[in-house]
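In what comes next, chain A is part of two complexes: it sits with chain B in the first one and with chain C in the second one.
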Partner chain A sequence: MEFSPDLFASLFFHTIGYWWVIIPSILLGLIVGAIPGFSAANTIIILLPLTLVMDVEVGLIFMVALYCSSRMGAGIPAILVNIPGTAGAAATPLDGYPMTKAGKAQQALAISFVSSTAGGLLTTVVALLTMPWLARVSFYMHSVEMIVVMLFGISLIATIAARDTLKGLIAGFFGLMIGAIGTDHVYATPRGTFGFLELYDGVPLIPALVGLFAVSESFLMIEGESILSQHGKDVIRKSGWAATLEGARIAVFRWWHITWNSLIGLVIGVIPGAGASIASFVAYQQSRTYSKTPERYGTGHPEGLIAPESANNGVTSGTLIPLMILGIPGGATAAIMLVVMQYHGVILGPALFTDYPELGYGVFMAMAVTYLMMIFTVLPLARYMSRVTLLSTVYMAPLVIAFTLVGSFVPREYMFDMYLALAFGVIGYIARKTGYHVAAILIGVILGPLLEQYFLRALKMSDGDLMVLFSSNIGNVLWMLLVFSVTLSLYMQHRRRSTDSAEDGKSR
Partner chain B sequence: MPTPRKRKGAGSELLIPIAALLFTLYYFWTIWNSPWTAQVSAFFIGTILITLVLVFMLKTAVALYRREAHLGIGELLAPRSLLPVRIGLLMMTVGYVILVKWGGFTLTTWVFLCGAMLILNGWRRKRLVALLSAALALSGYLLFIVAFETRFPRGPFENLMRSIF
Partner chain C sequence: MTKTTRTSRRDFIKVSGAALAAGGVSSLPFASASAQSFPSRNINVYVPTREGGGADRNLRAFSNVWKKYLNTNFEPGFYPGASGRVGYELYMGKAKADCYNLIFGNMGPELLNWVVKKPTFEVSDCVYFGRVDTDPGCVFVGANSPFKHIDEIVEEGKKRKLNVGTSRLAHPASIGILALGEHTGAQFNLIPLSGGKNTVAGAVTGEMDFSVLTSGTVAARGDAVRTLLVFNDENVLGERLDNAPTINGHFGTNLPPLLSARAFAIHRAAIEEYPDRFQVLQDSFKKVFADPEYKAAVVKAKGNWEYINYGGISECEAYAKDIQALGERFRPLLTGRS
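And now, the complex of A and B:
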């Protein structure tokens, strides 16, 4: 697997020739990514028969383009109506939606699109050049190291809870308890399932996402005629292309932020099972910790939007690295790609890059070309997409409820999941009305089962000795980084409060 | 004359901690006789959660004692003028989830959208709402069931269409 500029150049132009596959796939991916329950993986499964009859190269390009654009699509409803399309975009509304409410939906979409495409493109290029080394990351990330990565994600609860720490922590730990519902990993003992067989596999994420975000938001949005203030409406109505360009400028000027967070996404994506939701939470937490203006996070701060969007697109190329080099899929979509490639007789592994470089490198090149084409096809749409926010809540709320509730039915086809989404909707409504952050609950639901899984694995390997958590060098470095990160966050918070009280004292 | 300070509605703020506490206790009950592998993580998280909830309750008790808070749940239902509309929308949503199994996606979605939009619109613009709801439900049918072949709940309308085409 050696770097060859000629090969890459010819592959690049060869892949551009497949624009007729890539552009429709981008548009399809945007739609399925934006609707909760319709992930890229589900769509590829639905279209699997079609993919199998295609030429293997066309099939892979189709899947890669759909995968990349659906990741970006998931951020669109998160920004516009506070409803993430997938769990990977759950950190996006933290700053995206406040921007929308301030009438900056178009700018927020442009920031999201540029961060997503730049982050995705950059990590694809990095993946192409460093694939053999990056593939080793998954070898070094064992249960102990993964526990620390999870704790990085969970520490975001404290970040979100900055305004009322106690409430934030209660919400987060409540989510972790809900995430622990289901049978245990060793003896399959049902725990906290209320006797429902449907909960034996754990709490499904889509109904939780739909209930906590979409249903609860719909019952709140009806308090006003529109989700926008009159000023916000005026801004949206008057905005021309300038808002898109301004959003793009804001994102481009924060190129270092995009680079850093997309690389976080790439590394987390390489670890099988980690995924976009963890990457986006870790990126948001890191971004806020090292920011000069952490107090602006959660109020519509562009950096709070750039971090999760560039990270979750960095994950896309990361998940394909273990697949292509080791034959280990890093996520659901990668697993389906594995099925398609095996159907066509493609043997994955290092030999793929020497025997069939046009296929091995071609997958990553398809990703790079898709991201390039997305800039030109999706960015101009920001102006028109932002108009959705002008729709009256009289029509928007019922539409959101109907389509997202039925979307929660899709992944498992259980009617139970619709009732579950409704139950989460009630929890979400009470939480929002009483100052508990629904994102903190969702982080708990996502990370709870994963944390338990890795925690148990580590304890079983050490016969129950807790010191195993500090037994690896990489793990210890990650522990130090975690402690440093949390301490720095607390120190910055303390310093900010001291400065604020000093300024208050002066003003009196 | 100094204006009296507004008291915080602690009753509504206690709902999530109480739900969390009750759920954690129920969870502990379900794992009480389980092997340690099923207990260790939940006991760890649950103990922290119970501690946090007790601290919150203590804080609330102090606020109640100082008359800085009251046990009402008014904030949860505010604004009061919207309460009938919100209850109406909730009833429609519950009805939608129950009936979609028999009515199928298209028909039930149309009825739900019509009813919910009319409730939110004060029963005005009935014709527009009926047409808009029908267009949205049909678009959903064409996109999800016909184009994507998604297994949405099927009912009389979907079965009729399948028998015709």
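And now, the complex of A and C:
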């Protein structure tokens, strides 16, 4: 696995020659990513018979392009109508949707597109150059270390609780309780399933996601005529290409933010079993902790949008590293790619890069070329996509509910999941009306079961000794970083409050 | 979620027409007419795991050939959840018992599931009648593991409790390693890792001392893993499983083969009510194994043809009896109530 500029240059031009596969795959990926319930993984499964008869190189380019663009596509409805298409985009509406409500949908989309493509491209290049070393990350990040990584994401609940401590904590614990529904991870004992078989595997994420965010939002939409204020409508109507360029400029100007968060995504993506949902929440938490303006997060702050979008695209190249080097897929889409490669007799591992460099490196080159093509094909669409927000709520609310209910049904094809989405919609509506933060509930629902899984595994491995949590050097370093990160966040908050009250005192 | 099925008007006219053509309705018993027209529509297959997995690939390869002999299509429906429990409960609870609804599962883990936790239906009401393959469990380590031979694992297991990754506790391979521990005095701590992908990752990344899984999955991982022991009477894959020894051959145990076996099952009520239809299913099922098209499909999908192994209702019954007896024997360890 030696670095060869000539090989990379020839691969680059060779891959560009497959534009006729990449561009349609990008458009398909955007569509399936934007529809809740659909994802690159289930689309590739549906198209598996087609993929298997393709030449292996064409099949892989098709899958990679679909994978990258669907990740970006999931952010579009999250920004425009508060519907995250996948769990990986769950942190995107926290700041994306407030931007839309302020009439800045076009800028928000442009920020999302630039962050996604730049983050994805950067991490692909880093992955290409450092693959053998990055693959080793999964040798060190085991259950104990993952518990701490989860706690980084879960500590966001505390951040949210800082605005209204009691309500924030109640919402977070409520989410964690919902996340505990289902059979336990060791002995498969059902807990809190109320006799519903459909809950044995836990609360399905998509119905919870779309219910809490989109359905509850639709109930709120019905109360008004538009999701935009009159000012917001005027801004959207008047905005031209300049708004797209403005969004792109905001993102490019924060290149360091994109770099940092996409690298978080890359490292988390390398760990088998971890994924975009963890990466986006951890990136959001980190971004807020070290921001100079943390108080603006959650109100439509560009950095709050850049963090999850660059992180969840950083995950895409990360998940392919253990697949290509170790034969272990890092995520669901990578697992299906493994099926296709095995079908074509491709043996994965370091030998792949010497025996078939055009395939080994070619997968990552396809990813890089896809991201390059995405920025030119998708960015101009921001202007037209943002017009969706001008639609009257008379049409938008029922459309959103219909789409999200279908999206809830798709992953498992259970009617139960549609009812569940509605139930979560009602919970989300009540939460919003009474001042409880739905994001805190959702963090508990998404990260709670993962935390429990790693925690129980670590305990089982140590015969129930809690000190196992501090048994690894890397884990201990992560613990210190977590404590530092939370303390810093609390300290900055305290200092800001002191400054604010001092300024209030002066102005009186 | 499930498709309820009943004889449609069109089916009735078709059956009646066939009966008339054969010499008059009054002289022909209805059940016989119904068998001759069987199947008159697609057959639904419940799959208790996700799309794109091993069961999906296995089912597609098999049903693509089986459909030729039945002159109908198979419609798979995927109902994953709770280690297969969701799919079985739905099949037994909601699918009509008329031979147009089958379930395709993995006998070993699923029968152990019922030993560990009883389902809401009577286990004997779900009858396995068509085994497609037998895939023995095995012990394997990551390529970088310090363990090069199973004896080293046993020796180390006598000094300290070794962590063993498994896809789930109620699995034939888990039983195999518990039996090895019982036989040798080595201590093994089973860690369920929720699926084959994570079980391989547990061994390769070194989080587990080693892992146990079905050998077909392990063989597909190539050089990333090294197989050290096979829970069968013979290592039929040989080099592909690193010529690993068998448990009975190496340790002198007397264990039955600890196999995962993918098989079709049907409602007992369907067999009793429609014996002719069931006969059609059984006869046509057996023909697939001799069809070169099936072998070509398995080989093309990089499956292990050596593991394709026809089993009828009696073979399935014998297998079920063995695996349930082993499950009962290790029940306290599998349920954490030892």
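One rule holds in what follows: the second predicted complex is superposed on the first by the 508 of 508 C-alpha atoms of A that agree within 3 Å, B and C clash if a C-alpha of one lies under 4 Å from a C-alpha of the other, contacts with A are read in each partner's own complex, and residues count from 1 in each chain.
Just so it is clear, a residue touches a chain if its C-beta (ideal position, glycine included) is under 8 Å from a C-beta of that chain, and two chains touch if they have at least 3 such contacts.
Given the structure is predicted, the values throughout are model-derived calculations rather than measurements.
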item	value
Superposed partners chain B and chain C on chain A - clash or fit	fit
Partner chain(s) touched by A:Ser143 [first = chain B, second = chain C, both, neither]	second
Which superposed partner A:Val186 touches (first chain B, second chain C, both, neither)	both
Chain B versus chain C as contact partner of A:Leu348, first or second or both or neither	second
Contacts of A:Tyr414 with chain B and chain C, given as first, second, both or neither	second
Chain B versus chain C as contact partner of A:Gly327, first or second or both or neither	second
Touching partner for A:Phe196 - first (chain B), second (chain C), both, neither	neither
Chain B versus chain C as contact partner of A:Val339, first or second or both or neither	second
Geometry of the superposed three-chain model: angle at chain A (Cα centres of chain B and chain C, steps of 10 degrees)	80
Greater chain A contact set [chain C / chain B]	B
Partner chain(s) touched by A:Arg457 [first = chain B, second = chain C, both, neither]	second
After superposition on chain A, the shortest CA separation from chain B to chain C (Å)	7
Residues of chain A that lie at the interface with chain B and also at the interface with chain C	185-187, 189-190, 413, 415, 460
Chain C partner contacts - residues on chain A that touch it in the complex	41-42, 45, 48, 138-139, 142-143, 183, 185-190, 197-198, 200-201, 272-273, 322, 326-329, 335-336, 339, 342-343, 345, 347-349, 351, 412-416, 453, 457, 460-461, 463
Sites on chain A touched by chain B in the complex	38, 43, 46, 166-167, 169-171, 173-174, 176-178, 180-181, 184-187, 189-193, 215, 218-219, 222-223, 393-395, 397-399, 401-403, 405-406, 409-410, 413, 415, 418-419, 422, 425, 427, 430-431, 433-436, 448, 451-452, 455-456, 459-460, 464
Complex interface listing, chain C residues touching chain A	1, 51-52, 57, 77-83, 85-86, 89-90, 116-117, 161, 163, 168-170, 189, 191-194, 197-198, 200-201, 204-207, 220-224, 300-302, 335-336
Sites on chain B touched by chain A in the complex	12-13, 15-17, 19-20, 23-24, 26-27, 30-31, 34-38, 40-42, 45-46, 48-49, 52-53, 55-56, 59, 75-76, 79, 82, 85-86, 89-90, 92-94, 96-97, 100-101, 105, 109, 112-113, 116-117, 120-121, 132, 136, 140, 148-153
